[in-house]
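Okay, structure first, notes after.
Going in written order, the chains are labelled A, B, C and D, and every chain counts its residues from 1.
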Amino acid sequence: MNMNVSIAGIDWKNPVTVASGTFGSGKEYSDFFDLSLLGAVTTKGVSFSPWKGNPTPRIAETCGGVINSIGLQNPGVEYFLKQDLPFLAGYNTNVIVNICGHTVPEYVEVARCLSEEEDVDYLELNVSCPNVSEGGIAFGTDEQKLKEVIADVKRVSKKPLIVKLSPNVTDIVRMAQIAESEGADALSMVNTFMAAKIDVDSRSFILANKTGGLSGPAIHPIVVRMVYETARVVNIPIIAMGGVMSGRDAIEFILAGATAVAVGTASFRYPKAARQVIEEIREYMFRYNVDDIRQLIGQVRD
Amino acid sequence: MNMNVSIAGIDWKNPVTVASGTFGSGKEYSDFFDLSLLGAVTTKGVSFSPWKGNPTPRIAETCGGVINSIGLQNPGVEYFLKQDLPFLAGYNTNVIVNICGHTVPEYVEVARCLSEEEDVDYLELNVSCPNVSEGGIAFGTDEQKLKEVIADVKRVSKKPLIVKLSPNVTDIVRMAQIAESEGADALSMVNTFMAAKIDVDSRSFILANKTGGLSGPAIHPIVVRMVYETARVVNIPIIAMGGVMSGRDAIEFILAGATAVAVGTASFRYPKAARQVIEEIREYMFRYNVDDIRQLIGQVRD
Amino acid sequence: MFTSKKDYLSAKIIDHRAMSENVRRMWLEAPTISTMAVPGQFVNIYVANRAKILPRPISICEIDRERGRISLVYRVGGEDTGTLEISRLRPGERLNILGPLGNGFPITNKSAMLVGGGIGIPPMYALSREIYEIFGQKSLCVLGYKGEGGVMYRDFQKMNNVFVSTEDGSIGTKGTVIDAIEAFDLEAEIIYACGPMPMLSEIKKLAIKRDVKAYVSLDSRMGCGVGVCLSCTVDREMPDPISGQDRVRICTEGPVFEVREVNI
Amino acid sequence: MFTSKKDYLSAKIIDHRAMSENVRRMWLEAPTISTMAVPGQFVNIYVANRAKILPRPISICEIDRERGRISLVYRVGGEDTGTLEISRLRPGERLNILGPLGNGFPITNKSAMLVGGGIGIPPMYALSREIYEIFGQKSLCVLGYKGEGGVMYRDFQKMNNVFVSTEDGSIGTKGTVIDAIEAFDLEAEIIYACGPMPMLSEIKKLAIKRDVKAYVSLDSRMGCGVGVCLSCTVDREMPDPISGQDRVRICTEGPVFEVREVNI
């Protein structure tokens, strides 16, 4: 049975990674299972200089969902290279480094640093960061800004570039096409949906930042639709994420056209969620006699 | 204790209506409670000529959500006026008639017919209908088309016009502003989110139409954010809908800035859901000594 | 004042046990429903978990009007299904239900053939009992199973002449219910059927060929079960002469239709 | 091979009962956790309902190492909360938990004052027992309640000198724990505290004024409980001398901090 997939010319032993920001730098969950079991590990967002993130509370629960406003707290790329990357390099898996910036030059700087590192396999461009030059509007919701940041990062990146799309747009297929034509080697779909929760007893937002990003099974059906629509028109592979809690959720994405999936919020509920998803995909393949996972990609009946 | 609100100059005895398409024409649920208890009744979508709707299956369940692709099956405005409206007129409540069309002239025709009717209190413009002249793209996701349909309907409508926004846009605040400037008297926020569900056993979409609209508690936090952002910039009242299952969900919308709320999918789970939401709002007001519901509108702490 | 003919209640579970590996029978205390219900009607079951919003429509299998109880026989789905959650409830616990819903089978004293396939078998049981109780008449019952271990076989035998088909041929005629009907040349003046859609289509052909009435109970994914959402509509063969409508709601005008009315 | 010091398990509920109207104590069979845990650590509880994704962090209240059990004392929230669902579980049923998490209180043989406010009281109980068992020493315990019917009061009295404050003055000193500390001029060489943030800020002031160490357990909304999500971070007073980090994770570097380390 083959679970191997290939993304931008690099082999994954199976189509499962973890979603940026839900797996720390990998250390913590390495207590629970062998990271070498994963197709790839995706790190939390790394920026050039350290970011403090948003005030707390930073997380809230909704029906089938989680809203977070971590605000990309991270100690910066230098710390990452010293403390986190060497740890990940010890595992037999691919390393996707998620990168963020407040301005295009910030993105470019961090991409340049990471490009020099042998142990980095891909850069994942998080375009949902607040664009400070444009008053906080995310790069990922503006066609022009999206083009610019991809083009500039692509120019310096020596690693395959995965562009992580924001779902908060009218036409995600168009954003995907822009990413493809600017040179993205793959797409991550999607980041979180802008949302808010109010505590009616105190009449205040639960998150200190008021709004945050919704993830979890609540969004899964919206993302299935987005992946399906996008996979039909782009020619680069899609890594799908949004509420993958089980192997079946992952298979839905793959049938819709994703080449791989990421397990995010599910890890908060069960530390071994990503490993379990891999096992459940294997069980599914076994039950239905699928001997190559690639036979499932995009194979939902039309 | 006052639960009265006023929308476009018409009084509602409380801020609760039902969401279009989830309450039929009112007859069915009138078996369960007195429709006169509602602030308003909202009918299913009415088009000029009869629409057949989409093939079945038309409904699917997701975690905290429901996807539907009814496709606006309805017997047309003539039937509505003969069979449904007289029934609703027998209740002491406001009647909001949800209207749809495949082309701008179709919208205009149905609006014109309904405008003549004394028993119609509002028209609610559903801009999520597939725009056949533009290849199925919904009116509500294209700024230019949105302007056009509102302006044209507004010209013939003798009733206050509620514009029901689609959430499938990058910037809903902008759509709301367009609606306001084209003369909308109120906003309904929001219609469903485009989504899909795949049955991994049969490898086919559950809905015959493949995609459909996601409603229910899964989307509530996204809509809370949209209502909050919009209420701060528009000066017309907002009727909020999306996953109101309880009085607390309704209060969240009101604190975020909605003047009223609609109960939709919740009725499928509990036929008296709308009545229960009214009771729970009343309990909340009682517990916190709120003697006028209007003291809560937009009052989330900033 | 607002007395609906549909009762929404939190019904106490009286008994709940497995009939086969993945089929369970549940007896519920539901006095009003048991008084009002007729065979072929169904109830909505609501899963306690708030994230599972839609009702599970389940046919009424037995109606014990004296003790105010109804039984439901249902198939337990796989991982993460609502019926799996329901299957874990124990006697004494409660379940929210709404019913009776839909129209039910029209009963006559004609000689009847009841055809059930798979999980379409339970609703035929209520019907066969009703026919027996009202007209003292045994029905011809044709039950189609996948293989051995099919449910309710013995229950039916008490008051019916029972024929069985199995896909694997382990008991009865190998093949479908239609194969059994043909093998034994079974005849009746009226047919009632519930089962998978291909079976119902075959019943339609048979009824037309034999020129007898056939009432079939249709399945559909449902949103509300009470007629408001239009999730469950099916094409009529001809528009309704009065309303002009060309689609009908399975939950309200059905689930039982004379086969010639609907486009199946 | 991958032996975590954190055990994820489906723990059997041994006992589960109300301590007051909305506070419950639950004993769980959790041998590995009971062996590893120290007072001040917590466990993640996962709600069975899949729509409630996040863990509920609950402090370990009692550790019965001999029988491999731990107890949790928790407040049951209102409508639709996870703790309400948890409160319905019966002995014999199981609950998914992960623990022990966090650092716990550092124990010394100094004379200790344990301050608990509201639902911050249970974790202090484990601590007071541990101090008593290890050093044979009674602690000064100051417990702050809303009013009468406060939980665990009697448990504490067995091995401690207990002082109580109530908001309504129904028992003990009227006011806060700080009022009780001042009223009775309570002194100790080390302070431990758990309770609402305003109380902890007051403890911080007191500790600085009196120049004693004070270890406080901080509350936070948590995403993971194991250090990956950064939901729970709090500002350090000074950046960590080694890593240079200016925020720490309550779930991992905490929940217990010496008050001078954190900006509260």
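Criterion: contacts are C-beta pairs under 8 Å (C-beta built on N, C-alpha and C of every residue); 3 or more make two chains touch, one makes a residue touch a chain.
Quick caveat: nothing in here was measured; it's all calculated off a predicted structure.
Under the touch definition stated at the top, chain B and chain C share these contacting partners: A, D.
Of the two chain pairs considered here, A-D and B-D, the higher C-beta contact count falls to A-D.
Placing every chain at the mean of its C-alpha atoms, the farthest one from chain B is found to be D. The distance from the centre of chain C to the centre of chain D, each centre being the mean of the chain's C-alpha atoms, comes to 55 Å. Centre-to-centre, using mean CA coordinates, chain A is 35 Å away from chain D. Separation between the centroids of chain A and chain B, computed from CA atoms only, is 34 Å. Measuring from the averaged C-alpha position of chain B to that of chain D gives a distance of 46 Å.
Within chain D, residues 50-51, 80 each touch two or more of the remaining chains.
Contact of a single residue of chain A with at least two other chains is seen at positions 63-65, 217, 248. With chains as nodes and touching pairs as edges, the resulting graph is complete, every pair of chains being joined. Of all residues in chain C, those touching chain D in their complex are 49-51, 80.
Chain B makes touch with chain D in their complex at residues 63-64, 246, 248.
By the touch rule above, chain A contacts chain D in their complex via residues 21-24, 28-34, 44, 52-53, 56-61, 63-66, 68, 70, 73, 75, 79, 83, 206, 216-217, 245, 265-272. Note for the complex: chain D touches chain A at residues 1-2, 4-6, 8, 46, 50-55, 82, 96, 98, 220-224, 226-234, 243-247, 252.
In the complex of the two chains, the chain A residues touching chain B come out as 62-65, 67, 141, 168-171, 193-198, 200, 202-205, 210-211, 214, 217-222, 224-225, 228, 243, 248, 251-252, 255-256, 284, 299-301.
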